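Here is the structure we will look at, set down as structure tokens.
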Amino acid sequence: MNCDKFKDECGVLGIFSKTSRNLSRRVAFGLISLQHRGQESAGIAAYDEGKVRHYKEMGLVQDVFNNDILESLKGTISVGHVRYSTTGESHVSNAQPLVINYRGGSIALTHNGNLVNADKIRDELELSGSIFQTSIDTEVIANLIAKNYSLGFKESILKTVQQIKGAFALVIVCEGKLIGVRDPNGLRPLCIGKLPDGGLVLSSESCALDVVGAELVRDVKNGEMVIIDENGIESITYDDSKRVAHCIFEYVYFARPDSIIDGVSVSSSRRCAGKTLAKEHPVDADIVIAVPDSGIDAAIGFGQESGIPYGIGLIKNKYIGRTFIQPDQESRELAVRLKLNVLKENIKGKRVVVVDDSIVRGTTSRKIVDALKNAGATEVHMRVSSASVKYPCFFGIDTPNRKQLVGSSKSDEEVRELIGADSLGYISVKGLLESVGKTNCDMCTACFDGDYPMDVPEEVDKNMFE
Amino acid sequence: MNCDKFKDECGVLGIFSKTSRNLSRRVAFGLISLQHRGQESAGIAAYDEGKVRHYKEMGLVQDVFNNDILESLKGTISVGHVRYSTTGESHVSNAQPLVINYRGGSIALTHNGNLVNADKIRDELELSGSIFQTSIDTEVIANLIAKNYSLGFKESILKTVQQIKGAFALVIVCEGKLIGVRDPNGLRPLCIGKLPDGGLVLSSESCALDVVGAELVRDVKNGEMVIIDENGIESITYDDSKRVAHCIFEYVYFARPDSIIDGVSVSSSRRCAGKTLAKEHPVDADIVIAVPDSGIDAAIGFGQESGIPYGIGLIKNKYIGRTFIQPDQESRELAVRLKLNVLKENIKGKRVVVVDDSIVRGTTSRKIVDALKNAGATEVHMRVSSASVKYPCFFGIDTPNRKQLVGSSKSDEEVRELIGADSLGYISVKGLLESVGKTNCDMCTACFDGDYPMDVPEEVDKNMFE
Amino acid sequence: MNCDKFKDECGVLGIFSKTSRNLSRRVAFGLISLQHRGQESAGIAAYDEGKVRHYKEMGLVQDVFNNDILESLKGTISVGHVRYSTTGESHVSNAQPLVINYRGGSIALTHNGNLVNADKIRDELELSGSIFQTSIDTEVIANLIAKNYSLGFKESILKTVQQIKGAFALVIVCEGKLIGVRDPNGLRPLCIGKLPDGGLVLSSESCALDVVGAELVRDVKNGEMVIIDENGIESITYDDSKRVAHCIFEYVYFARPDSIIDGVSVSSSRRCAGKTLAKEHPVDADIVIAVPDSGIDAAIGFGQESGIPYGIGLIKNKYIGRTFIQPDQESRELAVRLKLNVLKENIKGKRVVVVDDSIVRGTTSRKIVDALKNAGATEVHMRVSSASVKYPCFFGIDTPNRKQLVGSSKSDEEVRELIGADSLGYISVKGLLESVGKTNCDMCTACFDGDYPMDVPEEVDKNMFE
Amino acid sequence: MNCDKFKDECGVLGIFSKTSRNLSRRVAFGLISLQHRGQESAGIAAYDEGKVRHYKEMGLVQDVFNNDILESLKGTISVGHVRYSTTGESHVSNAQPLVINYRGGSIALTHNGNLVNADKIRDELELSGSIFQTSIDTEVIANLIAKNYSLGFKESILKTVQQIKGAFALVIVCEGKLIGVRDPNGLRPLCIGKLPDGGLVLSSESCALDVVGAELVRDVKNGEMVIIDENGIESITYDDSKRVAHCIFEYVYFARPDSIIDGVSVSSSRRCAGKTLAKEHPVDADIVIAVPDSGIDAAIGFGQESGIPYGIGLIKNKYIGRTFIQPDQESRELAVRLKLNVLKENIKGKRVVVVDDSIVRGTTSRKIVDALKNAGATEVHMRVSSASVKYPCFFGIDTPNRKQLVGSSKSDEEVRELIGADSLGYISVKGLLESVGKTNCDMCTACFDGDYPMDVPEEVDKNMFE
């Protein structure tokens, strides 16, 4: 059922410590708290006295790592990565960290995001004789750093991040430093935490800071590179010419509710969106329920604002894993109920408001409305805590092409009809921005309005839209 | 963190169909919806034209079964089992269904519960030359049925269930029949469902009926045996002399909220208990939060009754599996945050009511109160939607011995002090019974008051209480 | 290619020590040296202060056991088993040791052989209420011992082995004793070894004694039970009324060449058979080659007697495991060459004598002759170091039914034609017996002449022969 | 016990077909017949309409590949590789084929051998900005090809193989061609085979040709590159200035006896060496035995020449795999007997000649002599079918450093004493060359005499020899 959601592509995490060489275990714990950002592969690299050791494999963090492996990854710097892949390239060679040897020694790179000029750079690099062993953008970045190395590691990374375009939150281990870089628009999140022993942490989300035992210090800024070593944090602003454009969907769906991203609590923003939604699309009803888990905060907010009691209407099975027994003809429709079952007692004879975070293809929404009506709901009012999704993302989010985005080709009324709800209300882009406490000067809302913060590659565009 | 809860021991499921031989796939789906009742081993047996094939293995349903295995388990009757084990005997030989050959052919047994006279019967059987290959009570039941077989299968089962004492919900395949039996007190749950094609289903909980596509017909009654075949259901009351004593903890913690057990919605009973709790132990506070997942319904109820807004305060990591990387000294305390992280934004500076379903040892409660205070809660009021647990269970629930039950040795005020809460309130046994809409004539509340519905074995008692 | 051979069904091994509790590791090593007797499942049970722990799984010894598992199997007695199964019942429940609890405590049984009255006893036991969880004869034996237990363990085992008929070499752990029993005909082998520390060993073959560090003391005699404890070996002759009938095929094919069975070196007997074969079926040729590995000794003997130089003509791939990539249409015939490739250089233009240990279906022989001719052999003379196999075995050897035994339905000349050889010579039964240094008073040669040492079950017979 | 041998590093195999796209299955079969050349990792790449798909993993061919994976590797060209690694770098990233994308598209490389100037080229490439993701020489070769690509694929490969120095047999898929290259000295073997359908095969050894169904056409010559496509074979001699220096150890130990390498049958050369050995070091004895498996041919030859009968004296366990249960203190010495057991019957009271292919450290030889004496051999005469190994190899063979080579630091008499034999005789280099039918103008015998066919890197040299 989750398959009808946008997919994030990665989570990154790095720790620098002056006192401990047992960081990889902490990184593994932290990665488990970032597991929602990518369930396909996991990897950790550790830097120890000039050497970089790493291990990566397909699977969840807990399946990839065990005590023996973590024990073999000692070091004073450790970085980790969880990955979700968008295409058939689910191959361990595409897992991260990417560890390479180059003139400057060994370097480990982890990357969340997507470059819009990766193909162009790759072509240029190939023309000059470079070879590529993976299909990830990170390898392009690694090559650029190596090419620029004569400038020294700091300048070579700075030059590299000025050459690449797109969304990137990078965590790099290089020459005994832990380095974090965020793209000039700040599209993908990256924050800094501090350990009790003075160690420093970089993470996609602050929830991982809690788990590794660090306090949130601040977010890395758009266009900023931070270099962490025993002297603390050196900050370099390498590009302050671009507008801030944090990804709105981190608040809508991707991030964990207990994370604080760019100064805003994800949970609060979602509850706030629920309240706004209640104001923008009021309805008379008996119960407000959520599509678990990502719709819960907004549903609670909707309940609080509207006065309609919040309750549980859909039960999510906690034991549904990734690999699954295929249903046969007879049991296909049962598979839905296996993942999400209606709590009939709470629904029967009631007018129900059901709050979801987004509608992508509409297929799941339809099944949910059906299930609620079958359970005896007299009315089903769908409320969506994001605006209607009309445009694909080029910045590290896996979105279907435009044809499959139901919001792109259909009016809200047509969507309502399609999913069979009695009413349908999306939060407005303005309302959503207010919920996050930001304006469209701070956020990327391109998936709603097509206002991309940079040029989108023509050919991809064409391919996507036709 | 869940380790500080009572543990259920099993879930059972059986389907009889006149039209389909592909039942095992449905049974697998159903077992996944009963997975919360046992995560240690899973098994399915299928009856096909007189033959019984089965497969069982350690692990979750989805790890044990794949399409090939399910394809090999064709048959017009299929029964399945999920098991949680209480001791070191985590061995596949103890997994169920137990499939045996005896004079009457092949028989497959699945059992949820615990016999109080199993050791005594086992001794008698061994005296007469029986051998035992497992350490499960089910093997005792199988031997009795075989011994009694000269009476015919129906009489032999009837005689057997009159010989055994304790808690049992049995689902058996024998001579082309699907048979369900519930113990004379009705301690463990068992319900009957009907498929659209007329097929019949037996299940520990009704949530599995939803998943296999069946409508809930009714519960098997205490002291009732049902025999299902192409003629429908034959009901035999084999013992109506005992008082009804359904397990109260199914409502408190074990069952899924979307199940209806003995006519009562689990979710409703929990919300109702939350309301009663708010009446019995009112408090002035800013937010009501739940210990996820089992405390959520009660917390919502508490909020509704008290008027204190319900919110999210603790985030549970969805990706914590059973096998886990061991934390080292440094990261031991982090492991708690990995499983359950505080959503600080919602807690900071607030007076918090935290609702949990039960307190067993008190260790987890203490960690939760600590974590909430560290996150800035000005007051933490613990409210518990079950009464204080003082006595061990002998009827199929894994409880620590009495010494470890904090409610057994300490007063409520001592427990409050131990866990560090500003106030502590348990629901009363009376209030809990009312929430379930039952009286102490219907329910077993022995874990609260020691009023066991039958004699408890002396030696076990001694062992347990000293 | 090996699939065209008779298959042994089991190897058994047991060690009793006064000084060590680390026996299971030795047993594992010993089982690896018995691995040729069964590659389907492996198991070990250890007796420690009254308790029996065990572990068994499908697979080779080295795949089933690791250091952690062996560490958990401490004890002063340890028994192990490797199994090959004849039918579809390749299920871990049929793996051995069979460990049961009965009135006398715990008992672990391992069994090599086959009972001819198992079904009859099983029926009787079922009539008296026994249940069966496996399809192995060993469970019948376990039930009889339990039934007879009121006599004491020694008498109960004695009574049991007098009730069962057929072939059996049993190694049992019971009441702190290690017990070995060989059937009244001595069909299956079992020998006794002594460790330097005074510990005692029972093994199917003496090659395992070498590996566990024991000296061969003697063979268990037909109709003998030995009871090993801290006082040494107690010997009981429970049946001396039957004629000795050791299995001739242990020398022909099953046993390892470095084993000494019933006083005769397997390797010597094979070389001797090769010499006799050269005398009985002389031929003018340029090279004698073996079908590896079991034909090598006989081929060397043939060369020594005939004066024709022995050489290597067929190379066996050492890396062919049990599970294998299925060949497609195009590559099916290649699969033969993968397992056994002709060393053309030694064959081209030569008259070749190829020595194999037996011909069962003839299919492999035909492929070998073809391959040799394709490689340029001018003549191929097949010499077989066993007599023509005409009758199935009922004593623990997996033989095809009589129709599939090419020697049963075809004359030697017809077989020669079938396999395409220029000449074909089997050793005579008399010659083979002489090679082993025994007479037909000592050996079972029923597979050659149908002279079974006991009544063969009618129904099986019928089924087999029609 | 095998650990006291030189280790080969790789086997390569490639098939080009005009008619079939199911080549990967054949390649897998072929790789199994090359498995003796490397048991650490296995991989296959398939070229299909411009795309290259590949799969590689740690483990034996049969463990790495299954039907599903092979089905996914369709294509008209398929290349495979088996690898043994010399150092700790047992990492899947070092497995082959190495598949890269570069300006010219996709290319798959497999390599057997070792470059002596890889570090130097790697440094130069890194200076120009190249990055390296593995620690294998093959990645250096790939980079060079990419750098040289402006010349076209043919010229770029030609230029590349002129830049690299050392030992290499390359099989490459590139632009729809299957390309084979052998180093200017012809150190590592590579031969060409022809399929019945006109397809062409490249293989390290001809035994794989038999398995894939091809006829041996000829060997690739030293300094030759062959380009195979639908037009057949194009041959280019890119360097004819170097002396031929085929590796003598392919005949001594590495290659399978049924392979023909550079026109000479491996089996014949070994038997011939055994005969020469008998002439050079005659001895009066009762039996000639081999250290299995590689000493068998020479032992047979020794027997034929000397008239001493050849027999079996040591039995090798067929079921000893790579990963193994660790012996504890008590059982450490048993581990030897587990791998290699003495057939006492053939040894007792006899004067034994034991033929081994080489002595590296001498530790295994000592154990074998001890075991034979313990078994009752009155004399043990060690005969070695290679000369005394005194110098390390730099051309793709894993040899210990010079200190550990017993032949380097000790006289033959000292070695004899060390291993405890009654006499010791190595074949002379001259005698060995004659056995292969070659002269020292054709062969590399540097491991015996230090006469390396090219400059050996200074620093490695220093490191090795001190």
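Which chain is which? They are A, B, C and D, in the order written, and residues in each are numbered from 1.
Here is the rule we go by: a residue touches a chain if its C-beta (ideal position, glycine included) is under 8 Å from a C-beta of that chain, and two chains touch if they have at least 3 such contacts.
All of these numbers come straight from a predicted model, not from anything done at the bench.
K.L.:
So what angle, to the nearest 5 degrees, turns subunit B so that its CA atoms land on those of subunit C?
P.N.:
Roughly 180 degrees of rotation.
K.L.:
Centroid from C-alpha atoms only, then distance subunit B to subunit C, rounded to Å. What do you get?
P.N.:
49
K.L.:
Measuring centre to centre with CA averages, how many angstrom lie between subunit C and subunit D?
P.N.:
36
K.L.:
Using mean C-alpha positions as chain centres, tell me how far subunit A is from subunit C in Å, no decimals.
P.N.:
The answer is 61 Å.
K.L.:
Which parts of subunit B, given as residue numbers and ranges, touch two or more other chains?
P.N.:
none
K.L.:
Between which chains does touch occur?
P.N.:
Chain pairs that touch: A-B, A-D, B-C, C-D.
K.L.:
Along subunit B, where are the residues that touch subunit A in the complex?
P.N.:
Against subunit A, subunit B makes touches at 20, 22, 25-26, 28-29, 32-33, 35-36, 39, 60-63, 65-67, 70, 207, 210-213, 256-258, 260, 265, 267-268, 271, 293, 296-297, 300, 304, 309-312, 315, 317-321, 323-328, 330-331, 333-335, 337-338, 341-346.
K.L.:
So in the complex, the part of subunit C that touches subunit B is made up of which residues?
P.N.:
Touch list, subunit C to subunit B: 92, 98-103, 126-133, 142-143, 146-149.
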